[in-house]
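Reading through the structure tokens given below for one structure.
Each chain carries a letter (A, B, C and D) given by its place in the written order, and its residues are counted from 1.
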Amino acid sequence: LYLKFHYTIMNAELHVIGQQSPDDLDGVRALVASGNLDPAQIVAFLNKTEGNGCVNDFARGYCSHVIHQYLDEVIGAEASSDVLSIMSGGCEGVISPHMNVFSSYPDEGAKKTGGLILGTGRTRDFTPAEIGRLPMVEETAKVVRELMRELELPKEEVHFVQIKCPLISSADVIAARASGEKLVTEDTLKSMGWSRGASSLGVALALGEANPSTVEAAILSDLEVFSSVASSSSGIELKGCEVLVMGNSPKSSSSLRIGHAVMKDAIDREAVLRACAESQGRTEGFEVDRVVNVFAKSEVNPSGLVRGARHTMLQDSDINGTRMSRAVVGAIVSSVLGRTQVYVSGGAEHQGPPGGGPVCAISRID
Amino acid sequence: LYLKFHYTIMNAELHVIGQQSPDDLDGVRALVASGNLDPAQIVAFLNKTEGNGCVNDFARGYCSHVIHQYLDEVIGAEASSDVLSIMSGGCEGVISPHMNVFSSYPDEGAKKTGGLILGTGRTRDFTPAEIGRLPMVEETAKVVRELMRELELPKEEVHFVQIKCPLISSADVIAARASGEKLVTEDTLKSMGWSRGASSLGVALALGEANPSTVEAAILSDLEVFSSVASSSSGIELKGCEVLVMGNSPKSSSSLRIGHAVMKDAIDREAVLRACAESQGRTEGFEVDRVVNVFAKSEVNPSGLVRGARHTMLQDSDINGTRMSRAVVGAIVSSVLGRTQVYVSGGAEHQGPPGGGPVCAISRID
Amino acid sequence: LYLKFHYTIMNAELHVIGQQSPDDLDGVRALVASGNLDPAQIVAFLNKTEGNGCVNDFARGYCSHVIHQYLDEVIGAEASSDVLSIMSGGCEGVISPHMNVFSSYPDEGAKKTGGLILGTGRTRDFTPAEIGRLPMVEETAKVVRELMRELELPKEEVHFVQIKCPLISSADVIAARASGEKLVTEDTLKSMGWSRGASSLGVALALGEANPSTVEAAILSDLEVFSSVASSSSGIELKGCEVLVMGNSPKSSSSLRIGHAVMKDAIDREAVLRACAESQGRTEGFEVDRVVNVFAKSEVNPSGLVRGARHTMLQDSDINGTRMSRAVVGAIVSSVLGRTQVYVSGGAEHQGPPGGGPVCAISRID
Amino acid sequence: LYLKFHYTIMNAELHVIGQQSPDDLDGVRALVASGNLDPAQIVAFLNKTEGNGCVNDFARGYCSHVIHQYLDEVIGAEASSDVLSIMSGGCEGVISPHMNVFSSYPDEGAKKTGGLILGTGRTRDFTPAEIGRLPMVEETAKVVRELMRELELPKEEVHFVQIKCPLISSADVIAARASGEKLVTEDTLKSMGWSRGASSLGVALALGEANPSTVEAAILSDLEVFSSVASSSSGIELKGCEVLVMGNSPKSSSSLRIGHAVMKDAIDREAVLRACAESQGRTEGFEVDRVVNVFAKSEVNPSGLVRGARHTMLQDSDINGTRMSRAVVGAIVSSVLGRTQVYVSGGAEHQGPPGGGPVCAISRID
């Protein structure tokens, strides 16, 4: 169990940096060169990379590779390995490829703001047979609980839990067949959903949103069991789960604040407005220029309907529905912010209600 | 030149009818059976059919085929051939497949409302070599002008001109090569853009938005020359252009009213709001339940940017950008109306500014 | 149970007719006009239509629709409904869209040739919950057995059993959820595989290739249980299974003869050569000009390997592997025949060994 | 102008190494560890990477990145930069992702075999406006001519010229618009074809297959002007052309020999057989186990026909035709060799006749 706590954050920063391609670090280098970003203080990358966002999307791995190659050089391999690099593939529609770089600085007695607090952790690696099953749920819950305990963050102040989780590869399928082991699915694309679902139920378990005795049976089965703050992305480039917990805390001296809401479906613009307002400490209305970014999950409505009318995403055999759902939620969020470097990650199994998903906003409060 | 004028409309109706598949006429049959739709009074079908909306999308043709097969039966082949069947392919994201059935009824001295007025026409068939070139521009302009003249509709009261235009097929390309004739493009997918562009410039020409002496050079070259009300869809199922002119007129006794605006880009929600307001005779605010439907064009921003940030639609070799742009604009319009049977047609060359497009709303005013 | 027997065939014909689009019947009309095809004697259409060949492929339905609309006109609705229209979607790579029109003529004492004999039948419609399960296996087996009995065709003379089977649509999924009924899968694309698999095991059951007591457990589970002559295509346009049994019989006076082999994988060219040879009554070598057409099944190798090396078709999230497998087998068959109007249908669950599939050739023997 | 000559080759090796993913170097590391490959002697990588092989395929760049990162470590950055890394994207159908690693060793007076000889070079970087135009043709021709001169290789002994060429990116298009510069195309996908075409005409020019005075006008216009040995792949990861010339020479002491032929279309299996035979010094017949690998180009037949029948690759708006053409040629070559780690690169503009392409085989001769 790897854990890293960032509860003493001063001037915690979230930099939103555009990318020209998955290996483009020019923006990061420029920020570092200008003294506005100290690479030694980077906590996590939360990136939207271009690619199909599905199984054979190597842009995620490529981006993650060059990030760690760079960090290895500038802060050393050990410190580099502490930095989470969560790559969410797929920049459909207007979504613009970008990095969200979270960094934290020692606060040395700075004024407390009640703002953003971060904690990061990693589960152990999972075997392919564990992916999408109870061990994944429980190990993820364990990391989330530990992070909350160390951050002294009560449930109601947890606003977003971002997870990067593994998938079952073709090689895993072949190996499992050879050994006679039964995987939760042999469909590599579907395995992404199982992995996201089990990880998110881990968050739900940690936050008391799911029942320990029934959570196993709920995986991809009872979608009404969900977390309101979990956001999971699946990728081929890791074997365990990486976890980033975000909340507001009296211990924080950050100038950022987080708020969240739950989109009931892909066109629930009102939920995006509520998350933005909450991030600015309001129940209604907000200043768009103070919003640093919005992070949302999207999902093809499994009922086949949106607002009672049929959608075609479940039976389009040319384009994976996940891609289309990102395009939709990306458009909604972009129209709220008036800009397109927004973070929308697809596949919201047990992340918000079926067809919907959690959304959080981070605003500057000073 | 075929023209049909519907300026004496009483209780002109626009029925929005969901489809379970491209050959599903159950909704139309039910409306006819209930006495709420007289098939003899149908003017035009403006449908969103599921399919890729690109070259090899046969759902459009299939839907059009079953519509005319049905109309042939119930109103006879000649009357059937007068009915426009404009199929816009592609129900990406939340867009729900549906028909917009425009019908008109004799008004017999009913009270004038200053509401919706319709005219339909067809150009002659074009040769493949004419597609995307001046003859297409001029023939389309001729039909639009004739319809405006007969409807006594001044330019400022023309709110939407919907066109269905042909494309260049593989067979056309082969034939042209054999004969040595030079087509505007040999790329069948690109030919859809040339055809939409030339047809739309025809509307611009008729409405004084384009200059007769420079319009030829402008085709797919100077995209700043555009019509604010043209909406063109291209399909393999016809050889000429079908034209539907919509406006408001003192001669109308319809209970419907039309308004329009121009989206400056794919996330310009404000333009959708303005079109809705205008359709209800206001400059701001509207009653969403009075809006019968919204009709919008979408386009991949050819600059490669939306609101200054890079989008990936121009270099996604797996998914045609037109599909993604429909998903985006469909999401924006759906979030305004709170429903998803909305009409968004892709490819807005010379229809609104580059990356944007016209949008119109039709509301009930009684 | 609908059954039709064609055991007294004289000059049984197989016409291979290219199509310019799914609604193109020009070739059929020309053959009829020339007196070379009597529409009243048509037994079945076995078509390769262009489209994705997956769930939202309406080209199959469109083609089938216009065929029956035409037959309704020329031979009446009742006779038309007896004609099987089996549409296999997807003309990937070099495969050229075409129709295989099987017709049979009364032989009135013609010389027996020991050639081709045909029988067609239909199962009852299945409920969505029956698709991919035992009732589908058993009903299909019943029709195959009945046809063999009536045709007096022993197992070893059955060379190809073509089936068109239904799929589970989005609407079916929604209805099943509402009613609490559990379907074999809620993934519409996967349902095509379940349906093909269960139908093909029906053939295997009828031919003694599968064991009645274990067949239910084998469905999409034990892929080593398979039929060597089954060929199943799934489509959204029907609810039951259509069955076409083909064999050689001493009762036949046809000038055509059929042979078959089993491809062990997608590049097993030798099996295609053997099927061609057998159709000409040889064990090796054949005259390519006598081969009227070849009919083959293709499948993505579920092991993830072809000849021991990794393929990427299982993890390509942009293109369904079925499409690629058709391109591959289509290329192999086309290179054998030196022409591209070849019939290759995708998805060979329980049709030949995993990754392979049955192939048959029909040759002219006089 | 960078040039490197490998005319004194002893035990020149071609290693064919499978990859599990684009960043998988395990095979290379194992070969190096076993002493069978000296990284300091590597001349070029010619890889088939998985991805769409079109514009937004980052697997090529990722693979190339990790190769050079590795080489930087083991042989130093300068020597690493001399190694060509030509990535051909797209492993459609049965094509298995793999590397072809060409290495050369000092021969120190070894026996001459008349076998394989290699030379590599690079042109200067091109501006976006030069891509697809005369400067690209001429610069490429210059490098080819220089390599032939230094290798003392006459035209008739040049059997394959592999080129990796750049493409026009979205960023290039935006920059060109800003500066008013006119590019050969603004369609990034089409730019790949222009780049491959111009580079290949450079080879044709160097080999006397094209006329200096008419070559400019021929680019993507007169496809009957072509090289019989050029093979060009386009990618986003470089700005100039990388060139690998292969031939047989009396100066060579390699145990490998190369032969080539021209496929007249995508299913021209006979040409593959001829190339294999020639690589073993025969006109007919060959030992399949001696063939180390086959390298072929594939192309969608621009006539819309293959062997006189319509194909659908030009009007499939869901799948780029290049992908399908690779699947077809990959199937043909794999069926000849009985294995699937074969090199087939898509887009054969001016590489062989329209719809066809060059193919070469490398065999072991001792």
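FYI, a residue touches a chain if its C-beta (ideal position, glycine included) is under 8 Å from a C-beta of that chain, and two chains touch if they have at least 3 such contacts.
Quick caveat, the model's predicted, so the values are computed rather than measured.
Comparing the centres of all chains, each the average of its CA atoms, the largest separation from chain D belongs to B. Interface comparison, A-B versus B-D: the pair with the greater number of contacting C-beta pairs is A-B. Each chain gets a centre from the mean of its Cα atoms; for chain A and chain B, those two points are 40 Å apart. Centre-to-centre spacing of chain B and chain D amounts to 46 Å, using the average Cα coordinate of each chain. Looking at chain A, one finds that residues 20, 50, 52, 56, 171, 310, 312, 316, 318 touch two or more other chains. Those residues of chain A that touch chain D in the complex are listed here as 20-23, 50-51, 56, 58-59, 61-62, 65-66, 69, 171, 236, 318.
Listed in rising order, the residues of chain A touching chain C in the complex are 52, 54-57, 169-171, 173-174, 177, 186-190, 302-305, 310, 312, 314-318, 320.
Contact residues of chain B toward chain A in the complex are 18, 20, 50, 52, 91-98, 266-267, 269, 306-313, 316, 318-319, 323-325, 327-332, 334-335, 338-341.
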